[in-house]
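Shared chain: subunit A. Partners: subunit B in the first complex, subunit C in the second.
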Partner chain A sequence: MAVKKFVVGCFDDEGPLFDAVKKVRKSGYKLHDVYTPFPIHGLDTAMGLRDTSIHTAGFLYGIFGTTSMLSFMTWVFTKDFPLNVGGKPHFALPAWIPITFEFTVLCACVGMVITFCYLCQLAPFVKKHHFNLRSTDDQFTMVIECPEKTNEAELSSFLTSVGAFGVNVQHAETGWWLGRYDKDQKLFEGQSETVSA
Partner chain B sequence: MSLIRYESQVRPPLVDNNKDYHQVTEDIVRPIEANPSRLWWTGFLISVALLLFGVYSIYREVTYGVGQWNLNKTIGWGWDITNFVWWVGIGHAGTLISAILLLFRQGWRTGVNRAAEAMTIFAVMCAGQFPIWHMGRVWMAFFVLPYANTRGPLWVNFNSPLLWDVFAISTYFTVSLLFWYSGLLPDLATVRDRAKLKWRKYMYGLLSFGWTGSTKHWQRHESLSLVLAGMSTPLVLSVHTVVSFDFATSVVPGWHTTIFPPYFVAGAIFSGFAMVQTLLLISRKVLKLEDYITLEHIEVMNKVIVLTGSIVGVAYLTELFISWYGQNANESWAFAQNRLNIFSPYGWSYWLMMGCNVISPQIFWFRKLRRNLVVTFFMSVIVNIGMWFERFVIIVTSIYRDYLPSSWSTYYSPSIWEIGFYMGTFGLFFTCYFLFSKFFPVIAVAEIKHILKRSGDNYKKNMFQIEKNSVDHLYHDIHSDHH
Partner chain C sequence: MAIKEFFAIPARYRTWSLALMGVGILSVIIGFVLYGTGHHPARFWATMLQNSVFFLLVTNAAMFFICATTLAWGGWQLSFRRVTEAISVAVIPLGIIAGIVLLCLVLIPDIHIFHWLEPHGDKILEGKSAFLNRGFFITWTILSIGLWIVLGYKMRQLSRELDTTPLPDAEAGRKYIFKNTVWAAVFIVWFALTVMSVTPWFWLMSIDAHWYSTMYSWYTFASTFVSGMALITIFVVFLKNQSYLEYTNEEHIHDLGKFMFAFSIFWTYLWFSQYMLIWYANVPEETVYFNSRITSHSHSGAYSGLYWFMFIINFLAPLLILMRRGSKRNYTTVTFMAILIIFGHWLDFYQMIHASLFPEKVSLNVFDFGVAAGFVGLIMFAVGRALTKAPLVAQNHPFIKESIIHHT
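After this line comes the complex of A and B, so read on.
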């Protein structure tokens, strides 16, 4: 990815966020992201984010589980190694339902979690830039991208006007890199100091 | 526009004592950042000692064979499968609390779900030990998996409930683990971002997968939790159903009944909630989390206990009725002579089960007793003793005197290594739980913050004003948009 310039503002309550997001979008600034300590229902819609399709992925994984397990058991007991158990039918569908069900659930859940981690780029030793360390505690952090053309001071005062405090400017890598959290984040030169809130 | 939150004023608060977001973090993360107390060390070392005794018992069993256990011709599974079913049953409450209660939008689950899910995972780990070590030649354990082999390939029998069990338990373990861990990610990130020590930053940085709290990630996380809950709900019901099939599909008198699946599931929830009570009553006291695991939580769980205990009671009575109504000589014998008759060799265990599971939980019809911590703790232990005896009754009383009187074995008593194995699983369970309570947030921090403004007592008191302001604000918004 790339190192970009951002203007960061903090909020200590989720209420004003909705107003602020609305104003940012109206004013035409490019909202990078809002970091919150817990999920805030409706904020994604307010930010104009598309609804996630992760559940559709889960459905597909589930269908894969059902069909693969059912056809595997059918192949085993009718083609590969048909056993005669007291003359009972080889294709014993009712007896296979529990395993088919369990395997469906297994595939759907494992697949969804892997998809989730992939989409959100989450894995051990993955390191990301954190704009405000307290956004996993009690603060709500709004990050607005500040490209060349945008006036930094204007944007900062705009953020203050929508209710943010501790407004600061940060140069940050937007993607992830392999790293550890116990080492200092000195990957990028020219990174300005984070103003502690 | 600030949020309008609808929750009845009648509902008691779920978070006591004037908390704000930061205070919630402080309270729940504090035990992780502090040095473990003397009490923690004592408990932990006792658990490790038990675990080591269990390891030695298993060593004896593996070296000398299953003969180390006092099993005999008819009782091929004595304590072993009793313990297996007991632990699996306990492992049902966690997913029930986190999945079914999530679907039913029960706010109170947030205080207890994390610990209950952890308990589920540890209980299923303990349960898994029994069938594995009972194999005798444990190095052949992989034979239970359907893999292409050089024996034909001779596949596993997909028609057998024992194989269904392999799939059910392993799926349940995997899904519970994923559900638990995906919920933990944001909380581990909270610990990471507060960490001052180098090793703690490193460890929690590793464990939290680089979670940032981005809105898009939260959106996916919510969707993931909901779907996992939706899939875990039938899964949790299927697991104990399949366990009950191990018995119900056989033709042993006392086992061959269609009531087993619902009866086992109700029993599993019953014993699982009892174990959650035992653990949480200790945890809230030791970790000082009384503001988050309140009397309300305890009371609600006691209600579940009295409900499921009564369902189990109805199932016991139905079994008795059917054994008479069915007029099958072997079936009637199993119930009338092997169980109901208190003077028969194991009659005492049947009545112990009845007393612990059906009669004693009825005291929870009284609000005062539901809200009494000592009574609750005592009852939670009683229920789990009763549920252990339920499985013992089902297994031993059905097989010690079955069709062929010449092979009746009128006294089976476990050997020290059989008991040691059981004690060892307690060691495993509590060692894991102690480590969990030291290194992981015992309460879901993010989820508590999520319900704080709805259910925190400081916010609840001002709810009327908050809602009024919201409505005014909304009105103002609509009005100003109009112009």
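After this line comes the complex of A and C, so read on.
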């Protein structure tokens, strides 16, 4: 991936953040992302993000679970190893429904967790640039992309005018890299603030 | 923003409700002449039992919804809470009708709906007679309906009280919420003793007095609760379309849609569990219940087509159609599904009663639909009238803001 220039602003409440997001989108600046300590309902709509496709994925995993489990049990109990269990027919559909149901749920949720991690690029040793470490604690961080043609000073003062504090400029890697936080110094480059655990 | 506080019944709404009630009364009279006289009046009374009990429990589910959300300190439903309150007002006329029908069933001789009334030396029925007897049936029926009406009235009263006397401070608000919680808890306890246990045993399950299922009451509850949520949705969408309920938007409809979706699945869970345990154990005195309802390789059940049709519209349709987020937020889809769900659970009640009484043949005809239309008209009439009586939004409730900013 590439290193890009970003202008970063902080907020300490979600109310002003919503207004700021609206103003930034109206102004035409390119909103890179917003980092918040907790999920905020409606922020995705305000940011104009498209709906996630994770439900569709979940549905497909569920369908996969249903069909694979049903066909597996059908094969086992009618073809491969037919057993007489309490005089029930070999194709004992009602008895299989709980198993099918459980496997459907299992496939859907495990699949969705993995898909979620993939979409968010979450995995052991996969590291990404942190714009503001306190966005996992008590600050809401708004990151705006600052391409060549954008005036950095203008953008910074604009961000201050919509209510952000601690506005700073960062050159950051947009992709992920493999590393370990205890070994990796890249993370803390150019950040004036230090966070003690 | 100025809001439209009071509902005015549109002329077409009134005409429709009166026309449907007319159809209902006509159907009851014609049905009584055709089926209710003579030696086998069961056909007439079965339909009356099905419709009166179904619609009574559906409207009563609105009060259960109010009390459950009150107990949970929920705030999201407040923007349309007056609609659920209005629906619960319909418990009064429907409760009186159902009460009369149920008393007729046990007091008029030779109706042949509840054969436990005359055990005629049947050892099993005599063993159950400590529970299944006329006196207990009548007492419990009157107590159930009476207390639903009284406790429902109390809950509505608490809500109405704020319209004239707003709460002065936060402390008064806390006291008010506590008082609401206590009364809601009383209603829920009574609801648990009636709809979730004894009432379906008496009113419906005792038709097959030899047979029993521990799932039965939950099954009935799930059926009526999901229909109750569907009824609430229909009224909310109707009022939205009439440009009332300014604070209610697709976020609230989305949550109502979730309720319909989730409880359709809950109903199916009970529907299936009841079947599977009986299928697995294969004890003749239990499987007898499914003889008329299920077709297998060794016999054919007359109601099996109806049974699977009901499964499709009560489970597959809500599962597949309401699964998407967009469809739960779309007024048209949600209304369509709500009507479908109510119809599906009406059919469910039909098979619960008729498949036990007349196992040979499905005789669903215009009479049944006519009576159902009458009850729909009655609900429309009663709810419409109740909606005009109170402001549509409980503006002084401490949680109202929570509902206005509600976001899913």
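List of remarks:
One rule holds in what follows: the second predicted complex is superposed on the first by the 179 of 197 C-alpha atoms of A that agree within 3 Å, B and C clash if a C-alpha of one lies under 4 Å from a C-alpha of the other, contacts with A are read in each partner's own complex, and residues count from 1 in each chain.
Assume contacts are C-beta pairs under 8 Å (C-beta built on N, C-alpha and C of every residue); 3 or more make two chains touch, one makes a residue touch a chain.
Predicted model, so just to flag it, every value in this text is computed and none were measured.
Of the two partner chains placed around the shared chain by superposition, subunit B is the only one that A:D44 touches, whereas subunit C remains out of contact. Of the two partner chains placed by superposition, A:L155 touches none, neither subunit B nor subunit C. In the superposed model, A:V8 makes contact with neither subunit B nor subunit C.
Once chain A of one complex is fitted onto chain A of the other, the partner contacts of A:V167 are absent, as it touches neither subunit B nor subunit C. In the superposition on chain A, contact is made by A:A95 with both subunit B and subunit C. In the superposed pair of complexes, A:L133 makes contact with subunit B only, with no contact to subunit C. Legend: residue contacts after superposition of the two complexes on their common chain; A:H55 is shown touching both subunit B and subunit C. Between subunit B and subunit C, B touches the greater number of residues of subunit A. In the superposition on chain A, the residues of subunit A contacted by subunit B and by subunit C overlap at 42, 51, 55, 95, 98.
Taken together, the subunit B residues at the contact with subunit A in this complex read 1-3, 20-22, 25, 146, 152-155, 157-159, 161, 163-164, 167-168, 171, 174-175, 178-179, 182, 185-186, 189-190, 192-195, 198-199, 201-202, 204-207, 209-224, 226-228, 231-232, 234-235, 238, 242, 245, 446-447, 449-450.
Those residues of subunit C that touch subunit A in the shared complex are 272, 275-276, 279-280, 282, 323-325, 407-408.
The residues of subunit A lying in touch with subunit C in their complex are 41-42, 51, 55, 59, 86-88, 94-95, 97-98.
Those residues of subunit A that touch subunit B in the shared complex are 14-16, 18-19, 33-40, 42-44, 47, 49, 51-52, 54-55, 58, 62, 72-73, 76-77, 80-81, 83, 85, 92, 95-96, 98-99, 101-103, 105-106, 108-110, 112-113, 116-117, 119-128, 130, 133-138, 176, 180-182.
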